[in-house]
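First the structure, then my questions, so here it is.
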């Protein structure tokens, strides 16, 4: 087993100073850098320019809140058992952000980044899209980033994100490739298949050159904010106990005597 | 057991529209509201004014990144075992945000909010501070929000946050009470006891009228962002395996034959 | 900050041998020690005798499965989003085992262990019980380990556990004190207040001299087994998506146009 | 979206009775069924016979404790921040049981169960093993369940588990196929490649007809027990703070002034 070094460049401190990503936390960050810029700084190691700032914030805000989902229900149910441990309720809600829901960002970003390892090189994107769709169809696999059970034929969040991409100059090869994949898949299927919000985020995160293995992290950080919103609402207006009692009652009704 | 309703005001959608906290996500939020404002919207149900925006962002950025901590180590060690489940690594790091570290925000906010249930009423804050310190000392309990093993005699993050509070008009009764508690405790102890960053955050969150039970949530959401930063660094520059191997080796050295 | 050693006595290995708690895993544990004895070995550092084995197993089995609870719902909802990460689903279900449900074991065990720091010393248990109840009532606090919304006037699980305690010689001072506290509380309240299963477990765990801060761990380990049972059932007979869709529909009905 | 029923067969209760998996918890389980049998009951819906009991317990005990691992370190580090939330510490340790460590059980079980969908049918296992190895090698993929960085050329835990399998009549087609895959892989590689403990567990779990998607659950439940053991040791003999301070110091040394 290789023995190596232990090294982190993220932060250091003295009793009178804290330095984060090379910036003095108290002098250069607090009061000057906002939460979105701070997230950018954490993910990319530098502050964003104006266009990056606008594009990045658009991507972060879109996944904060989706109302009642399996994830926000897990947070609320956990809160009802452990209200003293808010961190555990947020964590419980994050744990379901796997392959079925927002985790699909990774799959779409992998598809895009493996198809365009060098995005600055000239590539025939129409041909690339066609090849990707053909291959996934031949393997009878779903195309990541496409399709939505509810937002169809168009996912309005994709439209909104791509509008900001166009306004900020972020409409590069990954976004074009993702859109072409959706067109090609729709054309082969003979019906409009929506490019969904995770596909759009995967394309934009790829434009930011974020490695695909980390793309899900954006959604996780954004959703953590939203889950705190659910905890605050659960404190004011609880639903967890009611859900539990209803479901328990119905789920075991067939087992109880006289059933 | 009371049977009630199940109701959430956070979001709803149609196939062509998503509404979050009463705002159209695609028309009124994406590209217009930044991540910090979105977090404010989630926690308070409305967008911030300019001063609120600046104060809130200052509070959110300050807890994003603390470098290597037990929490970020838990994230990195989890990532080394389950790199396919980034959500689980973030969750693992959040789980340690309990009573010892940032969870102390709750305790300080509880102390402040119970002392000033009606912050708009005139109260003799010096007397209140004196009573709080006297009572906690008589019970030999720690005063939440005070003391730091490293940032002493002053926590520079508190200074930075309170500077923004002063500039934005947020220096209200909770901040004054927290500062008076620190003065009183220092005076009784005969040495400077720092008002630490969690005490400062508790005071500011109280100025925002955030219920004390939810204050830890701010830190949890902020830290989720920072933990994604640690995952990105662990991907580029891993330390988890090295830590595990070193510690395993040392921890069991006394048990192995020939020891 | 004190700098010390890093030492663990739990296990060590050579390429051909694994030693756990001083026993050769492959020669002395596998095929010879069962799962309950292994759990005892982990918690107490030695194998149980026959009576300890029976009492310990009784305590472990009683909390494995409670049907549909907030905790098992959190596991099922998490599984529906991340079926590839079974560990995350189990973790999500464990996270709600806090102060409201099984975590109350800690509170009851703390009460018992602080009242009888030296259980082998002669103490007037009736007087101790009376003092505890009087003090908690004067502070208007709930008595941990007492009361149940459903299993009343008697929690049948307590009866079952205490029967095994009596058969195995485990009915020592902590069990007697817990029973006297329930009697005293009932007498003062003028109605039968049940000694619930977490109160019973706290008393038995205290008889095993398990520190109160760790008592919740027994329940957590037991429940992990049960949550895997829920995942297996969710695989065969899912309910998570149905729950999510019903609740989402009902919770946002008042927000949708035409509502 | 299909709307269906919500149904669970695991448990039900009346005020005086709790029924788990069809058995009366207080009359038929407590004091009569041990923790290993209870786990079997949860996973398979019935109590084990004597051979099943011995084989199942062997499988459960083998993964309880591995000493210091990334997983047990995550538990200890989380405990140092949130000692009041033992459930969160156990959960944090479970979260790293993903694709790199014990989660590989799923992959090996998938390989075996897809190769032998009907294990009672006669199949030429040598040919099946040869085909599996040839195909994975042609795709340059690792063979799940094979190889170990430390326990080589033989994993002693596999030997121990397969000995119990032979003694209990569990040495069926899945175990034979897994052993043949290891032989074939070793022969093609020209060196002994160990059949590791997760490969052995996958084969035995397959003999129990446990679906591959759930196999990781066995390890998760077993490890939950072991992680409570680590929490108990961390309470007596802490290492988390020392680890954190050492690593923080070393990791940021290059950033501090004068470095």
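Labels for the chains are A, B, C and D, by order of writing; each one numbers its residues from 1.
One rule holds for everything that comes next: a residue touches a chain if its C-beta (ideal position, glycine included) is under 8 Å from a C-beta of that chain, and two chains touch if they have at least 3 such contacts.
Source: prediction; values computed, not measured.
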- Query: Counting one step per pair of touching chains, how few steps separate subunit B from subunit D?
  - Reply: 1
- Query: Can you name the chain that lies farthest from subunit B, using the mean of each chain's Cα atoms as its centre?
  - Reply: D
- Note on the structure: More Cb-Cb contact pairs, comparing A-C against C-D, go to C-D
- Taking all residue numbers at the subunit A to subunit D contact, is the shared part over half or under half, that is, same or different? same
- Rotation angle, subunit A onto subunit B: superpose the C-alpha atoms of these two copies and give the value as a multiple of 5 degrees. 180
- Message: So the centre of each chain is just the mean of its C-alpha atoms; given that, what is the distance between subunit C and subunit D in Å?
- Response: 23
- Task: Let me have the rounded angstrom distance from the C-alpha centre of subunit A over to the C-alpha centre of subunit D, please.
- Result: 30
- Between subunit A and subunit C, what's the gap in Å when you average each chain's C-alpha atoms? 36
- Residues in subunit D with touches to at least two other chains are numbered 1, 5-9, 11-12, 67-68, 82-85, 87-88, 91-92, 95-98, 103, 239, 241, 243, 247, 251-252
- Message: For a test of understanding, state which residues of subunit A touch subunit C in their complex under the given definition.
- Response: 67-71, 73-74, 77-85, 88-89, 91-92, 95-101, 103, 239-241, 243-244, 247-248, 251-252
- Item | subunit B-facing residues of subunit A, complex | 1, 3-13, 15-18, 20-21, 25-27, 29-31, 33-36, 38-39, 42-43, 53-54, 57-58, 60-62, 64-68, 83, 85-88, 90-92, 94-98, 103, 106, 150-152, 154, 156-157, 159-161, 163-164, 167, 211, 213-214, 216-218, 220-222, 224-233, 235, 237, 239, 241-243, 245-246
- Message: Taking the touch rule as given, give the residues of subunit A at its contact with subunit D in the complex, in rising order.
- Response: 1, 5-9, 11-12, 14, 19, 82, 84-85, 87-88, 91, 95, 149, 247, 250-252, 254-257
